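Scrolling down, you'll hit the structures one after another.
Consider the two complexes below, in which chain A is the common component and chain B and chain C are the respective partners.
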Partner chain A sequence: MAVIIQNLINGIISGSYYAVLGVGLTVTWGVLKMINVAHGNFYMMGAYMFYTFSIIMGFPVIPSMIAGVAAVFVLGMIMEKFVLAPSLGRGKFGDTPFILTLAMGILLENVAQLVWGETNVGVPYFNDSIIKVMGITMASQRLIVAAVAMVTLIVVLVIIKRTKFGWAISATAQNTFAASLMGINTKQIYMVTFGIATALCAIAGSLLAPIYGINPWMGESIQLKSFVVCIVGGLGSVGGSIVAGLLLGIIESFATQFLGSGWQNVIAYALVIVMFWFRPAGIFGKME
Partner chain B sequence: MLKISNLNAYYGDVQVLYDVNLEVNDREIVTILGSNGAGKTTLMKTICGVETTRSGTIEFDGENLMKVPAHKLVTKGITLTPEGRHLFPELTVKENLLLGAYSSKDKKATKDTYDWVISLFPRLKERLIQYAGTMSGGEQQMCAIGRVLMSNPKFLMLDEPSLGLAPNIVDSVFDVIKKINEEKGITIIVVEQNANIALQTADRGYVLENGSINMSGNAKEMLESPDIQKLYLGL
Partner chain C sequence: MNTYKIFKFFDKSKSKAAISLAFFAVLLMMPIILRISSYRNESYVEGVLILCMLWAAMTLSWNLLMGYMGIWSLAQQVFFGIAAYTSSMMNYYLHLSPWVGFIVGPLCATFVGLLVAIPVLRLKAAPYIIIATMCLSEIVRLIFINLVKWTRGELGFWQMEPFNSILGINFNGADKIPYYYLIFIIFAAIALVCALLAKSSTGLAMKAIRDSQEAAESLGVDIVKTKIKVFLISSYLAGFCGVFFAHYIMILTPTDVFGQGLMTEFIAMNVFGGMATIRGPIFGAFFITIIMETLQGIDDYKLLIYALILIITTLILPNGILNSKAQFIKWGNKVKNFRIHKKVELKEFSSKSDSIKLVNNRIIS
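After this line comes the complex of A and B, so read on.
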């Protein structure tokens, strides 16, 4: 019994940051109507920014995290404004934005290699105590990850569902033409949305840096996981990504326990294939 | 209020509007008639800056609009209800309405306008928390008109408000158009295929054919004109 609960909790913890990453990617898709293949690289940038502020510059954990996330938020907006915006929303450019994000990802990865070197670096746990309750063992760091991720998701949901700015994002996603008629500066919404998506990556990146270490290639596996979450949840659906993120985390956790860790990714992609068979639009996606 | 001179507009390399001259006076209702593909919708989109491949001048209260981006027009009091309504289908009716006042900073005024819009369309009151995409065509048209009214416009363009609506709903939509013109003094352009009801409601009319204006005049006189009767009224 304890094993099942332990796995469930482990699953929810990794699921919570899968959800954060998936929400970022799905919002980008919903609003900008493009796939961002540099998503994982912004996660990597978030980890390095956190490393820079906390280890190199010596700030405490919380200010380092805030500064790192803010830096990536600004970086994301700059990237959108100068790299993506010129080609977005122009029919004849077709898949150009997609290719541009590919270039953006390669650029970020190489910049990271030049600036921080081609080796692993690490940051210490925020809190290295271990909690033991009724036979369940949990590192505090992982609980912090889950708590911050959950708070982040709630904040994102509240912004999207309850604020005028959030409605403007939804309006732009649903009908860009009508949104501009309402006086919404849709180009600005594109930019800020992309910034928010990259900031979500940075939150996940700095939370996980102590656990997984930091290197310039750490974004690649995260990119694929984010895709899985997005597709299973339904592209463009924030609620879907949250559910799918948690689901993926829990399934992976049990797969690792009962089949061995080598099966973790196999199970994740099997989930996508099964989804394509039975519900290609995703859990919350609309069938067309 | 609105003065358009020698307006040309293009879709890519194809010219759609040719030297359009058009004038709308304060508090007037003007209708633009024309068959499918005459360029009516392009004219609306060009005026509000959504189609930007254009030349000529568009003046609003003496100010040149040619360089003003689409999303800034709302704050100048210019709004468009596009053909096909273009509601935000997965937002609620209330959220759609409130987005109409997106650019307004005055919360009190927004509240007053909201109450007025709801009183204009009592039907919407029952639908406030429903997704806009799930309503009937008539209700969606009311929501679309309510949404633009939320910005407290001085000048309102309606593109095919009767499209796809049952005849009795069309009548009530035009009653509302008349009412907002009289009650709030909002100047209105109505683009319509239903020439009969449009000319009965409007003060003046223009006929757009193949991208240029080829007739204009007093709406009552146009209703009597043999050409109009033959071409647009099916008499």
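After this line comes the complex of A and C, so read on.
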């Protein structure tokens, strides 16, 4: 019983940052109508920015995290402005932006290799203590990760559902032309949305940096996992991504326990194929 | 005016045939030319050209799916890798000749192609296909990593033998010419098959599916049959490249063979040269392979330059270099207009200065 509860909690904790990553990707898809294969690389950039501010410059944890996320937010907006914006809407389904994000991913990975070197670097835990409750062991670092991820998700949901800016994002996602008729600056919305998506990556990256370590290739597996979250939740559905993220975390945690860590990713990716087979629009997506 | 003339020359089917004939003739003669001129780095140049032809053949096989039919399948490297692993594992465990691999490897790749095609057939939107095929190829990669017992996982499988001598031709690796002509034959055959397929009725059906699935269906194109057929042909062709790769490079690791890095290269080559043509992928593969080879000296910045080339070409020439006639004509006109503009300005300027001189002269006089 304790094993099952332990796995459940582990799953929810790792699922919470999958949800953060998945929400970023799904918002990009919903608004910009393109799939972003550089998502994992922005996650990597977030981790490196956090490393730069906290270890190299020696700031405390919270300011360096805020600075890192802000840096990646600006980086994402610059990338959108100069690389993606001229090509959006070209091709039948945004194939040109897809290729551009692919190139962007290579670019970011190589820049990271050049600037920070091709080795693993580490960041110390925010808090070393370990919590034990009823036979369930929890590192408080992981609890912090889950808490920050949950707060981030709630903030994102509130912004999208309750603020004028969020309504503008939803309007642009539904119909760009109509939104521009209503006086919404859709180009700016595109830019800021992409920035927010990359900032979400950066939050996940800086939270996980102490646990998994940092290297230029850390984004690759995360990239596909965020796709899994998006597909299972339904492309473009924010609420669906959150549920799917938690679900993926729990499934992975049990798969690691019972099948071994080598097969955990196979299960995650097979989930996508199964999902496509039975319900291509995802759990919460509308059938088109 | 000049740009129009150049394009008129390239538009004629006769000059097109002449160019492709010349290209293949030069490739065919290359080792002989190198041998006669007693160039010192002979085997290096041949090695680069072998890679060029290998990637060109692979990109051509993928172009059938993506360029002609518009199916963004990112699992082409899986067919390549499956054939490579099949052939080398048969060679090691069953002691079969690598030449048997050329029969069995592509067949295995075709079988995997069928397995990939079935889930993809149900999906119509390109992003779904991209994600599904990415996940499928990742699953295959992880399976090959985890079955350490048979594939040696990430350590790399290197126990295969090179091609054994056939018809008195010795493939011992000391001389690259036999490999050169082997890949030349594979490459030329694949280019021929692709060109014939593109011109056939299947090719027309493929293009119709790319432009609009609904319209194609209403005009009586059997979508499922065409898609499966093209998937099978494409994976079969990719299998040949895989078998050659396995017994030429002589080491296979799952990440190299099944990873997304290889697929990214095919995308870059295809996009760079121009999709849905035969010349595009060939040009792209040769260009990118040779550029990467020349940038070998600045290894750290190689991928950076690669990414920048990809971004810039995609932004200014979204259809690839060989497909952007309209774009080039537009630029030509701009340059021409600019020149005329400049001339007019100069004339005005000179006439003004003349009048100033006149006025000055009058004042002086």
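Here is the rule we use: the second predicted complex is superposed on the first by the 283 of 288 C-alpha atoms of A that agree within 3 Å, B and C clash if a C-alpha of one lies under 4 Å from a C-alpha of the other, contacts with A are read in each partner's own complex, and residues count from 1 in each chain.
Keep in mind that, in the parts below, a contact is a pair of C-beta atoms (placed from the backbone, for glycine too) under 8 Å apart; a residue touches a chain by one contact, two chains touch by 3 or more.
The shown structure was predicted, so the numbers you read here are calculated from the model rather than taken from an experiment.
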Looking at chain A, does chain C or chain B touch more of its residues? C
Using the touch definition from the top, say if A:A178 reaches chain B (first), chain C (second), both or neither. first
For A:K164, select first, second, both or neither according to whether it touches chain B, chain C, the two together, or no partner. first
Which of chain B and chain C A:F254 touches, first, second, both or neither: neither
Check the residue A:T186 against both partner chains and state whether it touches chain B (first), chain C (second), both, or neither. first
Who does A:Y125 touch here: chain B (first), chain C (second), both, or neither? neither
Per the touch rule, the chain A residues reaching chain B in their complex are 164, 167-168, 170-171, 174-175, 177-186
Mind pulling up the chain B residues that touch chain A in the complex? 48, 50, 69-75, 79-80, 82, 86-91, 95, 98-100, 102-103, 147-148, 151
Listed in rising order, chain A residues that touch chain C in their complex are 29, 34-35, 83, 86-87, 90-96, 98-100, 102-104, 106-107, 109-111, 113-114, 220, 224, 227-228, 230-231, 235, 262-263, 265-266, 269-270, 272-273, 276-277, 280
Which of the residues in chain C come into contact with chain A in the complex? 70, 72, 119, 122-123, 125-128, 130-132, 134-136, 138-139, 142-143, 145-146, 260, 264, 267-268, 271, 300-301, 303-304, 306-308, 310-311, 314-315, 318
